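In the two complexes below, chain A is the common chain; its partner is chain B in one and chain C in the other.
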Partner chain A sequence: MSEVLLEVKNLCKSFEGVVAVEDVTFDLLRAETLGIVGESGSGKTTVARCILRAIDPDTGTVQFNSSNGWVYLTNLPHRELVPLRREMQMVFQDPFASLNPRMTVREIIEEPLIIHGERSRSRRLDQVMDILDRVQLERDSLTRYPHAFSGGQRQRIGIARALVLRPSFIVCDESVSALDVSVQAQIINLLEDLQRELGLTYLFVAHDLSVVQHICDRVLVMNRGRVVESGTVTDVFERPQENYTKLLLSAIPSTDPDVPLQPLDREQLGI
Partner chain B sequence: MNDVSIDTGLATATPRQLAWQRFKRHRLALASGIFLLLIYTLAFVCEFIVPYKTDTRNVQAINAPPMSVRFFDMEGNFHLRPFVYGYDMKVNDDTWMREYTDNPDKLYPLRFFTRGESYRFWGFFEFDHHLFVAGQGGYVHLFGTDQLGRDLFSRVFYGARVSLSIGVVGVVMTLVLGVLFGGLAGYLGGLMDRAVQRMIEVLQSLPTLPLWMALSASLPVEWSSIRVYFGVTIILSLFGWTTLARQVRGRFLALREEEFVVAARLIGAGKLRVIFRHMLPSFASHIITTATLAVPGMILGETALSFLGIGLRPPVVSWGVLMQQAQNYQVIVMTPWLLLPGLFVVLTVMAFNLMGDGLRDAADPYSTGGQS
Partner chain C sequence: MDNILQVRDLAVDFTTDIGITKALNGVSFDVPRGQVTAIVGESGSGKSVTANCVMRLIQPPGRIVSGSIQFSPSQGSPFDIVSLADKDPRLHELRGGLISMVFQEPMTALSPVYTIGNQVAEAILCHRDVGKAVAWQEATEMLIRVGIEDIERRMFMYPFEFSGGMRQRVVIAMALVCNPEVLICDEPTTALDVTIQAEVLTLIRDLQHELGNSVLFITHDLGVVAQLADYVVVMYQGRVLEIGTVRQVLKTPMHPYTQGLLQAIPGLARAGERLATIESVVGDADITTPYPLVKLADGRQVSLPPQSTPGGQESE
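The block that comes next holds the complex of A and B.
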């Protein structure tokens, strides 16, 4: 078993009295892909954002095994988090809203390098070009604005921005949910290729179980802010223990068009 | 997309270029913009444009009507050089009013770019060339004269300098106050937000005109005209920033949660970088539009105050000060040309409003530029 990269303990977050995340605890191993699944409002995105401190959690701790040893992400002031951003990044859900419409692709991908102190223009450009190749975007995209790209291409730009600092840990917050199915497959394959090449660790938040089944090694099932089940993908998908997991699994459409979708009934399961 | 060339052109067009294309389609706004550019340029170099200074009196022409520039004299002969006729003055025995008629013997040709009255350009250096002056020792009053025989054309353009600049200076101060308070409220939120909100509500519930009047009346009488000028500007902008501050606050609140702003924070961008690189550019166009629409309010405010005699005071010349002369019924009947400064106020305010509308449409990426 490889070493632990991230340790989340008893994470809680509520918004104006509404509990979004309650007592979430899990570990993340280096170079694995951990999926968090659950229906809308189950708190999976909140967990992801609390880990990267896009929002501040109420209680609980997040420890990150950075290149300088273990750090507590949860109680660092934002200023001291900045150097750690090199090692952990996020790929967003909406490829339209997550790119600044007033910046060219070059400016978008270059910005992390500028912030993290790469002063040489030519070295910056080299890195931008390199990452552009890795996410399979044309080199002449650099001078264009995000509005000139399709959803899938934009998501590649978002991935390039996240990877240009060479992080070890990527949070994918519903990163393929907004794309149509054929593009989803391309982006998932891209993410898997990048993981192999760069040794990335993914925290993959999704509501689409078939995507999770395909890409993840382990999976957490969340319902109403709590983790209800966790385990390897094979265990959870083939031998689900909890009724809620069974309910989710029953909602996956079959690839065979003749098999009708028969989701289980919430009330029968007592959820 | 079947047309690849158009597609690539749009792909690399900056948002500003796209907005300019939409603005150009708005004919009326474009014309207003050109008009404003012209009148601001004229006001900027008004010493050169006009033939006289603000206090030069022509005792041969008191309350004289506007002259017309002619190419044909009374015998029907064509003159290549435009000219004006001097006045013949006769006091009407019944009304005791001065009545002016054109005198065909006093034919004053207009000479361009020649010496006339010397002036100090912006108070910096002596110069005596004018765009046009009347030759042969004559005089030219395109807009007529007032009751002291001062050339109204000259006074209107000197007044334009004061009135137009008060609009811009006032709006700049409004912008500073509005963006500062709106930005603080929107970005910091919490207690700051509530404090600013309440302050705005109080300010907006005050009746402006009486308050302007009270504040202007409190400007010391012995102040120099330049201090009064800034005093009036500050008074106008003290009440003008609230609308803008609200808009800025709203935009900040909305943008703070935008994914690309969160993304910027997550790559480690500092507060200033997030605000100036990511948030401000995406609503700068709205600020510009609001500012443009606020300029006429400032100009009207100055005009109103000066008209009431509590803003700028003579010898400063502004459109409001000029309109003060046209306060009574006698003027409107006997010397209606003294209302001309009012026409300039109307034209300028309208141009600003039309241009502001055009800018607003251009700034909105979903607008069709005035055409559906």
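The block that comes next holds the complex of A and C.
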């Protein structure tokens, strides 16, 4: 089977005494897509941020199978994290807030290359052009500013920025949630194409269960900072074991008017 | 059919530095009395602008350039909302009285500096000639009805002390407390978690059955449409593409755009495969030319080129 790319063990994080993540443990395999689902406040984004060290966890470890062998991401001083960030990147939720309005598309996509020490202007441009093609943006986009683009195109710019360093691991934090359904379908297809072409591994944080069901191989269900259920998407969605998962699934409104919405009751389930 | 609202040829322009944007371009549809009518569309389709026209909330640089919205209340004579003067007393009566609205973001619809009880009672005091004690009592009853527990204490609490779902229940109570004939809901569950959304949808559905008012529901979510609506209006680029009963539109969509919208939703049936995009479903079909809505034999209406609008030919 595939090798392990990321190993998360007993991750805990509190904010001013409020427990956000409690004892979260899981593995991520190379080239798979692992979803984390849960309601707001379940801790799913905090887990993603702890892994990338955007915030520091209180306790627990995260090990990453980098191109130079296994490293502990937790405990690593920030100076030593920088080179590792070539290999792990993030695509954010809001395609409006996550792009600097004063930078051109070229500057936005080029910036990670500059930060990571690519001195040659022409080599940088080559890489920017290549990634632009891969995310299917026109080449004349380079000199334009984010405001000239639609939400879906902006999300392509954000994906290009994440991919330009050729990472192996991408965290998608609600990356398609802000998009209209037609644009969402295009971006999901793009993420899947890129995964096949580049062998990417995705950690896909989302509250939309049908998106997760479509794009993910395995899924973790989180409630109040804990992983309550995990397994393959088919197992979890078709044969949920935990009451909390059943509650989430029962709340999805079907697009068939003859399948009435009958959400389960939180109290009856004892949640 | 008995329609409480009849929207005809509604056109709204927004004048900007770079020219005029036609937000609505000849929108016509009916809202049948006592039923739930959903307007579904993507961003920029004009669905919220349509809702705001009914409340006459379009402000400069926006302008209603033509069209009419015939409102037929159960008592009194019908009138056109569009042609009411800004100072017409009927407009005050309309807003929050005969027609009320639930917005997407409950935190912006509530004032942070007044208690919950105050805000719901205020809606009553604005529209009816009753004393404060009566208003407070009725506000309490309505809040209990929308599922706020521990009411004696909660009446004196502020919006920030409520969760998102509870706040939306308060906004719904505020909208219903004057027993409006039409309730407009503009994406009322979009900002909520799926579990809370299910609770709020169930609440809206139950209250509608109980009170029998007419609902105009604006959403981009076809799952929400399927669960709540009796009739569906599909909008795209400021125009209506298709109108029908919820089963007609969702089970046998006629317009290629509606078909694309439905197929683009990720679901188990297509797990592992590529998602259909609207472009791939629509293909060469022309969805941008404003063909007039044609009424078909089964009552549905569709805007298609004349050669592809036979009586009920379904492409699925």
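A few notes on this one:
We adopt the following convention: the second predicted complex is superposed on the first by the 269 of 271 C-alpha atoms of A that agree within 3 Å, B and C clash if a C-alpha of one lies under 4 Å from a C-alpha of the other, contacts with A are read in each partner's own complex, and residues count from 1 in each chain.
Everything below uses one rule, namely that a contact is a pair of C-beta atoms (placed from the backbone, for glycine too) under 8 Å apart; a residue touches a chain by one contact, two chains touch by 3 or more.
Computed from a predicted structure; not experimentally measured.
With both complexes brought onto chain A, simultaneous placement of chain B and chain C is permitted, the two fitting side by side without a clash.
Judged by the touch definition given at the top, the superposed model places A:168 against neither chain B nor chain C.
In the superposed pair of complexes, A:181 makes contact with chain C only, with no contact to chain B.
By the document's definition of touching, neither partner reaches A:230: not chain B, not chain C.
Which of chain B and chain C touches more residues of chain A is settled by the count: it is C.
Taking the C-alpha centre of chain A as the apex, the lines running to the C-alpha centres of chain B and chain C meet at 80 degrees, rounded to a multiple of 10.
Shared-chain residue A:143: touches chain B; no touch with chain C. Of the two partner chains, neither chain B nor chain C is touched by A:155.
In the superposition on chain A, A:65 contacts neither chain B nor chain C. In the superposition on chain A, A:247 makes contact with chain C only, not with chain B. Of the two partner chains, chain B is the only one touched by A:97; chain C is not.
Once both structures are fitted on chain A, no C-alpha atom of chain B lies closer than 6 Å to one of chain C. Chain contact summary for the complex, chain A toward chain C: residues 39-40, 151, 180-186, 188-189, 192, 207-211, 213-215, 233, 237, 247-248, 250-261, 263, 266.
Chain B meets chain A in the complex at residues 7, 10-15, 258-260, 262-270, 273, 277-278, 281-282.
Listed in rising order, the residues of chain C touching chain A in the complex are 42-43, 164, 193-199, 201-202, 220-227, 246-247, 250-251, 260-262, 264-268, 270-271, 274-279. For chain A in complex with chain B, the residues that touch the partner chain are 52, 54, 81-83, 85-86, 89-90, 92-94, 97-102, 104, 111-112, 115-116, 143-145, 147-148, 158, 161, 165.
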